[in-house]
Amino acid sequence: MKVLIVYDSSTGNTEKMAHAVEDGVKKAGVEPVLKHVDEVSVDEIPQHQGLILGSPVYYGLPSWKIKKFIDESVKYHGKFDGMVGGSFASAGGTHTGAETTIIALNEMLLVHGMVIQGSSSGSHYGAASVGSPNDSALEACRKLGERVGRLVKNLKK
Amino acid sequence: MKVLIVYDSSTGNTEKMAHAVEDGVKKAGVEPVLKHVDEVSVDEIPQHQGLILGSPVYYGLPSWKIKKFIDESVKYHGKFDGMVGGSFASAGGTHTGAETTIIALNEMLLVHGMVIQGSSSGSHYGAASVGSPNDSALEACRKLGERVGRLVKNLKK
Amino acid sequence: MKVLIVYDSSTGNTEKMAHAVEDGVKKAGVEPVLKHVDEVSVDEIPQHQGLILGSPVYYGLPSWKIKKFIDESVKYHGKFDGMVGGSFASAGGTHTGAETTIIALNEMLLVHGMVIQGSSSGSHYGAASVGSPNDSALEACRKLGERVGRLVKNLKK
Amino acid sequence: MKVLIVYDSSTGNTEKMAHAVEDGVKKAGVEPVLKHVDEVSVDEIPQHQGLILGSPVYYGLPSWKIKKFIDESVKYHGKFDGMVGGSFASAGGTHTGAETTIIALNEMLLVHGMVIQGSSSGSHYGAASVGSPNDSALEACRKLGERVGRLVKNLKK
């Protein structure tokens, strides 16, 4: 059982979050595969049971590179039903688009027929941070990874 | 295993959809419990493993009654993590808010920590119809119910 | 020229924001009319050239009372085209639904055919705060009020 | 006074919509400038008083090319406050993401501080069509163009 984590990052903030997400997936007993969006092909998705997307917030939405990655995944459309998904985003400020970015990432995953889970304790739609992720943001990332990992295990039983 | 379907309806359109959702839940081998929002209490939610919300589209969002129901569910906040959720909406026209209503319903479910699944074949975020639901809309409702029912079964194994 | 500010508030946080929005409207040279949602009727909307909605964040969306107010405004549907709108929200934590609440408020205003303006400097979609509004949140509220007030003046010339 | 219409299109459906939007802008007495996203630079935006974005629906959101165009516009961030914006989208089916695409386009415009107007009569958030645009979708496009054109004129008085 493997979860693919695809992220974009220019300042390194989203990358730090990605590593915390990776830790969470591991903690759930599932293998994380971490890839920068520049170094991943959509052909790698089918070998995984989960897909977590992470992006900096650009104009309230995921970066064009993350969008391009998902646009290209159309060649597998219909093959990812029931796969587990998750989202995280790194913003430059509070209330500057982290939530709308995560909602957008989730929308792409839902169009693929994926399963996503919210959180009742903060960062409800996915993990978010402002600037360099603080302890609380990193904890939200770990919990996201763990949540996705556990769902993968529960759904594959 | 039971799934609670809570809907609001004034013209009867959302109610027709609710019955199709009910059929889908049954088809998955799970017991559906169908309730108009006027006849349900939040105290009934904890006896179920799934919650599906249906609403007419009023100003691009769920009706205030559906919102009130969820606002009142705050007394159980944190107790519904991992419950399975789903959403459907009935609009007066095409592109008049069915999608934004379903996204809003899903957001409420995610804040409760619930699990939702998209669909790769049409009505991606939940089931939608325009006016009295046609065959294709009713089929989307049945598939939604079945999807939620199957997830409930898979996650409870 | 008058702008109606309708807000819901239980802890007083959204109310504090409402007063800062009021100050901003005044600064633009337009008369603000501030009303708690419990003390306003939809019949008051037509006497104004702007409508600003404020809400606490409940389950990622506006409170059911704000939703009920707008649902009832359907009796004037089509009469508010070109009116100026704006939104603000008070959340319990960061990334717990302030943005999705503001987006939802904006959606209701757009369905009424209203004009809204974003901000390029923080709190892009409307004014948001976490807990009791700090100076930066209050400044965002003042700017929101001023922005709406200025638009009202510019569009009525 | 000029309005820039930037669209992406592979099947030609969004392009047909773009031409109808163009007609609407003209009808308002403002000059439309129509550009495929492959043939436009962000350096052209500042010469216009309005910006209308059109996109096919890919995974519930604008195409990556439209996203890239806006991501690149960051070099002018803060310069477009008060510019008039508008959005349209072409989907492959009903309730398959046209609304979420338009909401996303609007979010990008709002982050730039732009002014957008909804419509109280159908296609509330922007103009949408399913497949090749029918008469009603083309009319929504013309009205969108006219609405943006009129706002440009009213705000520049």
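Labels for the chains are A, B, C and D, by order of writing; each one numbers its residues from 1.
In this section, contacts are C-beta pairs under 8 Å (C-beta built on N, C-alpha and C of every residue); 3 or more make two chains touch, one makes a residue touch a chain.
In this text the structure is predicted, and so the values were computed from the model without any measurement.
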{"item": "Angle, in degrees to the nearest 5, of the Cα rotation that carries chain B onto chain C", "value": "180"}
{"item": "Contact-richer chain pair (by C-beta pairs counted) among A-C and C-D", "value": "C-D"}
{"item": "Whole-Å gap between the CA centroids of chain B and chain C", "value": "29"}
{"item": "Distance from chain C to chain A - Cα centre to Cα centre, in angstrom", "value": "32"}
{"item": "Separation of mean Cα positions, chain D and chain C [Å, integer]", "value": "25"}
{"item": "Residue list for chain A, restricted to those that touch at least two other chains", "value": "60, 96-97, 100, 103, 107, 110-112, 124-125"}
{"item": "For the chain C and chain B complex, residues of the former touching the latter", "value": "58-65, 67-68, 70-71, 73-74, 96-97, 100, 104, 107-108, 110-112"}
{"item": "Contact set on chain A toward chain B in their complex", "value": "77-78, 80-82, 103, 107, 109-121, 124-125, 151, 154-155, 157"}
{"item": "Residues of chain C defined as touching chain A within the complex", "value": "60, 93-100, 103, 122-125, 128, 130"}
